[in-house]
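Chain naming follows the written order as A, B, C, D and E, and within any one chain the residues start at number 1.
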Amino acid sequence: MLLELKDLTLLYGRIQALHGISLTVGEGEIVALIGANGAGKSTTMRAISGLRAVAQGSILFDGEDITKLRADLRVVRGVSQSPEGRGVFPGMSVRENLEMGAYTRRNRAEIDEDLDRVFTLFPRLKEREKQAGGTMSGGEQQMLAVGRALMSRPKLLLLDEPSMGLAPMLIQQIFDIIVEINQQGTTVLLVEQNAQQALSRAHRAYVLETGRIVKEGTGQELLHDPAVKDAYLGVA
Amino acid sequence: DDSSGSGDTATGSTCDLKIAFFGALTGGNAQLGINIRDGAKLAVDQYNTKNADCKVGLVEKDSAGDPAQASGLATSLVADTKLLGVVGPAFSGESKVANPILSKEGVVIITPSATNPALATQGDKTFHRGLGNDASQGPGAANYIKTVLKSQKVFVVDDASEYGKGLADQVKQVLGATVVDSAVVKEQQVDFGAVIDQVKGSAADAIFWGGYYREASPFLKQYRDAGGKAKFIAGDGVKDQAFVDGAGAANAEGAILTCPCVPPEKAGGTFAADYKAATGREAGTYSAEAFDAANIMLEGIKAGNTTRDKLETFVDSYQGQGVTTKFKFQENGEIDPASVAVWAYKVEGGKVIAEQETPK
Amino acid sequence: MNFQFLGDHFVSLTVTGLTQGAIYALVALGYTLVYGVLRLINFAHSEVFMIGTFVTTIIWAGLGFSVGDAAPGTLGVIGLIVIAMIAAGAASGATALVVERVAYRPLRKRNAPSLIFLISAIGASVALSEAVGALTDRQPRGMPTLVVPKVQFSFLGADVTNLQLGIFFSALAMMIGLDIFINRTRLGRGVRAVAQNPDVAALMGVNKDRIIMLIFILGGAMAGAAAVLYDIKVGLTTYSVGFLLGIKAFTAAVLGGIGNLRGALLGGLLLGVVENYGAGVFGNQWMDVVAFMMLVVVLLFRPTGLLGESLGRARA
Amino acid sequence: MSEQLAEREPLLEVDDVTIKFGGVVALNGVDFTLYKGEILGLIGPNGAGKTTCFNTITGVARPTTGTIRFRGEKVVGKKRFQITRMGIARTFQNIRLFPEMTALENVLVGADARHKTSVVGALFRLYRVRVKPEELTEVTATGGMTRLAQQLSRTGQRFFGLSRHILEERAARAKGMELLQLVGIEGRAGELARNLAYGEQRRLEIARALATEPHLLCLDEPAAGFNPAEKESLLALIRKIRDTGVSILLIEHDMRLVMGVTDRIVVLEFGKKIAEGSPSEVRDNPAVIAAYLGVPTDAA
Amino acid sequence: MSTIMSSLRRADEGRARAMTGLRSRWSSLPRAWRIGAIGAFMVLLYSLPGLNIPLIKTPDTDFTSVLFLCAVYVLVAVGLNVVIGLAGLLDLGYIGFYAVGAYTVAILGSPNSPVVVKFPWIVCVPIAIAVAMLSGVLLGWPTLRLRGDYLAIVTLGFGEIIRVFALNSNITNGNRGINGVPVPSEANWPSWMTWFPYVSSEKQIFSVSNVIGFYWLALTLVVLCILGVRRLERSRVGRSWLAIREDEEAAEVMGVPTFKYKLWAFAIGAALGGLSGALFFSKQTFINAQGFDLFTSILWVAAVVIGGAGNQLGVAVGAILLAYLPERFREFADYRLLIFGVALIVMTIFRPQGLLPSRRRSVELEDRAKEASVVE
């Protein structure tokens, strides 16, 4: 197992957001996490990337306990997150934002190669290479955030709602891209509201409700689970 | 026996009475206050050795030379019913604030050092000044500049204080057109780059400084460092060894410091030696004046003037020879003009040496 | 008002203004770096500077050069200055770091709001200056005249001295170095990332604590260097020397656009020059008024300073 | 259809609006009209200029050229709070509540837009309004007051009236609760806004905007981050709001939501309007498909 | 309607739950008890100068003068709290308003000022308040459009400009200052007041050497001002300030005329600052630029924050400590500020919400602290 969460609990002040989450992500998998607003999906992601301290439980990555490891050191080990709400660096140019994604990497040639790849994936970014990240439109920022996460060549890529704010055409594209990077060897943990797309691309998936995992199975299983259909897929 | 809020001077016992020193003991100009405090202290100590059965206490109020603190300190002084008189306040600024408060409650004031002329015209009935004021010192300094130094272009600096501005204005008035330019510095200023530009730009050959040594020393040092050659003249606020040390002996060399005070070594009696024995230091500026002021009050108390009112009457009509001069106060509290002398001192070999009385 | 004086001495006032401004700018860098990253007015930075001025005198005295001593030859002077720069830079950097550790880090760990940081900063500032005040009996401390100003050349009627040239260009060199560091290097990019979004920066693998330490040390070291230049220029220091200079330097930082390194340079120089003109026209006592007036006027037209913010995150 | 529209009363008229940011032309001569009582959708690819358009209407950005009229009055150049008081309310794409105020207080701030109590009035409370006897009970029902005190205060109010401040305050709280009920979070009224779940915060934003008593409500991607089930209930809420007489301008990428709720749609691309019409017209417009929808999907 | 009322009640309960222990116990007392307790406390405050409480007396300075200073500082803090605590505007140059108020009284009322109009105190003070308020508006007009920290430095500059102006201008008599600032009344105490210790019919009600009259006046003004500000706080005005503090742009979009309310906060703060200055220097009888250094201004901000910005009781406590402790511990004169500085750091670390925080802030800070990432 590349990632293993054991019985994770997390608090925001007086509010308990996670009530004992356990899940696993195997090497080479795409695992989706779906659930209603406020279920705790983003919170789980923050716990894994180290932005939030967990109250109880443990996080194992690559067989090692990283529960108490600082966020930036987790990046060095190969965990990279594209955060909810994009989090582009508003004062840096598009290019600098992408370079930040490769902050822990030293090999210039490889970085340039990846930069080219991102620019081919999102031509709009190439077009606006020098524009400040903060002035990009909502969807453009989303592209930038995903592109930046790719720049670190992580072992485990955490994507928090990568399709949010994207136009319908681009949504298709972004999921294709996710599958493509996965096939190139990156493990992906994906949080999505667009459950339809997410489940049809994911190997496995978990359903989260008010801080607890209530269901798990392969993507296809959940896609056809009537309860899931009812709650998260809408009337198809 | 805390009876704050009451200014009643009636008191049963005639012993344990007090007089106070009021002035800077800390802060950048502390040395000026310390000299005075030690002079007064010497007088009180000598009195108490002689009158061991009925001592007089010396209260020390440290104002840091800050007029803003003066009112609080003065109020606390008047509240103490055993306290009859004050030697001080040392500086003119704080005097201006404290005197009305002290005077209103009848506390006798003899300042050995505050030289601003206006202090005598505030209507403070218990105010006395045991030395000449800046209406003598200012012209004294100006005449020295004119007749001894023969300067043609004088630059006048003041620190906007009651004392400094007052003195500088007196000097300007006498010098008239020979003043080429002037500047105002701030209290506690340390960087004088802009003023120095101005002085150099004016091509003055003499600088008159109306202010205290705290600002004068760094100014002179920076001025000399910047290659300034003009002569430096200042008043009593600069007349202390601390000035020479602060500016650096080489930079201060040749500076002229005026003072409406007698050179301490010329003071009568055994004062200079006693002071040295008591403090381990040479008597400083106004130490002797403070010694005299304290002695006048002590003499009054000894003579049975044990209330503020009685002491006030005693001092008003006092006549006598102190170690510095002959004392007799005019109606407005100023010392008899005949007793006033303004001296010019010169920094030589890193020491402040009495040079001559200033030309009239 | 004395516009005649300004006219007559325009160039020379400019030259002295630039020298003073260079020192403001160096100190302003510290404010700008810390503000840019933490959105915190590091009030204690003025004391970081003050410590530098004292360490310089102590080092020189330790090497046998106290007030009134004659300066050694040119090489000796350069040696003394370099040693002082290293020592004061280190001491000021260390002081800044200690302030960060003691006064700010505990608050950061609790996610305290910025007003609280300001109070802690004020506390640190007061404590440092008063501690030095108590240690020095609140007496100023002089130092030897190392550089006797010598006119190097005359420019449009103004004499330019070796001292002025030295101060100006060494300050400029340090600032250019810092600018390159922040804008061109990987670590510098990390600094900017933390400034704009600390959480996401951590997700990029940036060690936030280390970046914060770095900026305090850098800012402190610059203040230390400024302290040496100040000592050479003014020849005297005292425990309260930081207060006004600090406020001026902060003003300079805001003037140029706080969080913006080049803004600090521009703001510092402009402030130095304009207030010197002001002193010439209105008299030295109105210098600070001129400085603040200029600040108000500039902010009216450019609400985020002349060059705008750059390290800082946008707030939209 | 279009003849029908012509008879309706225009509420918002966007006329030839252009905005440039340096080299980027974010809006290029856009014009459209929103009629009273309708829900108008604004769609287009990422970076098409939707948010920018929104910003010009609500006074956040100023168009380089062009005019915008609301109920016949010019909007451009007005302060933002004045625009709100004219009757345009908005929510934010990334939630911006007052996090340390309770949900109810958030709504009260919105309601204050229509209040009249001035600083002086709040201080001295001189402006008094007579109240009917049956209205007096609520204020005096403070715990712990003695009978006598109660009676006195009641008599006082009877004769001197109540200050406008108290009346407004009372009305606003009642109205605030009604709005919270409308958006379905009345149970959370006393909770600090930042402790609300994401969806609740979104709803609170809508309630707060409605409290300003707008004629037009502008929603920027209100469903972002919602799952289909939640989107469904948002859809119902939007309809409910429209039924109270508020017109709506909606930016949204979720086609099902847009198609399901809007009366008309305006499509932007590269800052230009490329289509306008009913949902079905727009969905079948080849230019829109090419620019935005991609392969005709089952999105709707 | 009834469901709404019951939800309202639930909303209030939610609020009550958020209160800290002591506070909720206090507010759950019957109203009559609370009024009684406050009344008793007021009586205690008024009679403090007459009570000889040994430990709290100040050794070197007249105790009543210290009480007066405390009252003036509380007034300052109440005003500054409107600006900082309620509207969230960081004003580091508040002392400028204090100076404007003080100088207005001195210049208009003193026989020794360059402007010899010699108005009586009761005329001077309203003018002083008005002038201070006007200066608040004049400063605020151009600068309140600036964002938070820019405002801080600009206000700091304003404070310094006022001081330098006072130091160098003729109308203020420069650094030499103005003597004979008028007192509220030259009258002696009426005989029916003489039962109170230290009050005698031979003494003036307002005199520098018997400060009781000044203290009572200041205390009364403090109470009035606190009540006034409280009214504002609990109205549309206070809510608008809070909204501005939280998110100015969102507030504007919700129809809050943010500029207007910020300007009001500034003007009210300035008026109170002016009143405090006028009051203090009436007692002082002398005024010069020295009383108005930036450092004091910054200390005031510290007092407000440490006391608990936003809560009037808290800022009052902060102000009292700032005025009282240095007088009580004069023997540490040289180390006073050093201790003060260290205390500030320690306080912010151990009690960042302030001594008596507003309910809102204490909850906020508690939650923020818990949330803070502690990943090592």
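Everything that follows uses one rule, which is that contacts are C-beta pairs under 8 Å (C-beta built on N, C-alpha and C of every residue); 3 or more make two chains touch, one makes a residue touch a chain.
Predicted model only: the values in this text are computed from it and were never measured.
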item: Reaching subunit B from subunit A through chains that touch each other, fewest steps; value: 2
item: Touching subunit B and also subunit D, the following chains; value: E
item: Chain whose mean Cα position lies farthest from subunit D; value: B
item: Identity of the chain that, by mean CA position, is farthest from subunit E; value: A
item: Between subunit C and subunit A, distance of the C-alpha-averaged centres to the nearest whole Å; value: 43
item: Chain centre separation (subunit C, subunit E; CA means) in Å; value: 33
item: Geometric centre distance via CA averages, subunit C-subunit B, whole Å; value: 39
item: Euclidean distance of C-alpha centroids - subunit A vs subunit E, Å; value: 51
item: Touching two or more other chains - residue numbers and ranges from subunit E; value: 167-168, 334, 364, 368, 371, 374
item: Where subunit D touches two or more other chains at once, by residue number; value: none
item: Set of subunit C residues in contact with two or more other chains; value: 283, 285
item: Touch list for subunit A against partner subunit C, complex; value: 49-51, 70-73, 75-76, 80-81, 83, 87-92, 96, 99-101, 103-104, 134, 148, 152
item: Of subunit C, residues touching subunit B in the complex; value: 5, 8-9, 12-13, 16, 19-20, 67-68, 138-140, 142, 145, 148-149, 230, 233-238, 240-241, 245, 275-276, 279-280, 283-285, 287
item: Complex interface listing, subunit E residues touching subunit C; value: 84, 90, 142-143, 145-147, 149-150, 152-154, 156-158, 160-161, 164-165, 167-168, 294-295, 298-299, 301-302, 305-306, 309, 334-335, 337-338, 340-345, 347-349, 352, 364-365, 368-369, 371-372, 374
item: Contact set on subunit D toward subunit A in their complex; value: 21, 24, 44-52, 93-94, 195, 197-200, 221, 224-232, 253, 255-256, 292-294, 297, 299
item: For the subunit D and subunit E complex, residues of the former touching the latter; value: 58, 60, 79-81, 84-85, 89-90, 92, 96-102, 104-105, 108-110, 112-115, 117, 119, 122-123, 125, 142-146, 149, 165, 168-169, 173-174, 177-178, 180-181, 186-187, 189-192, 208-209, 212
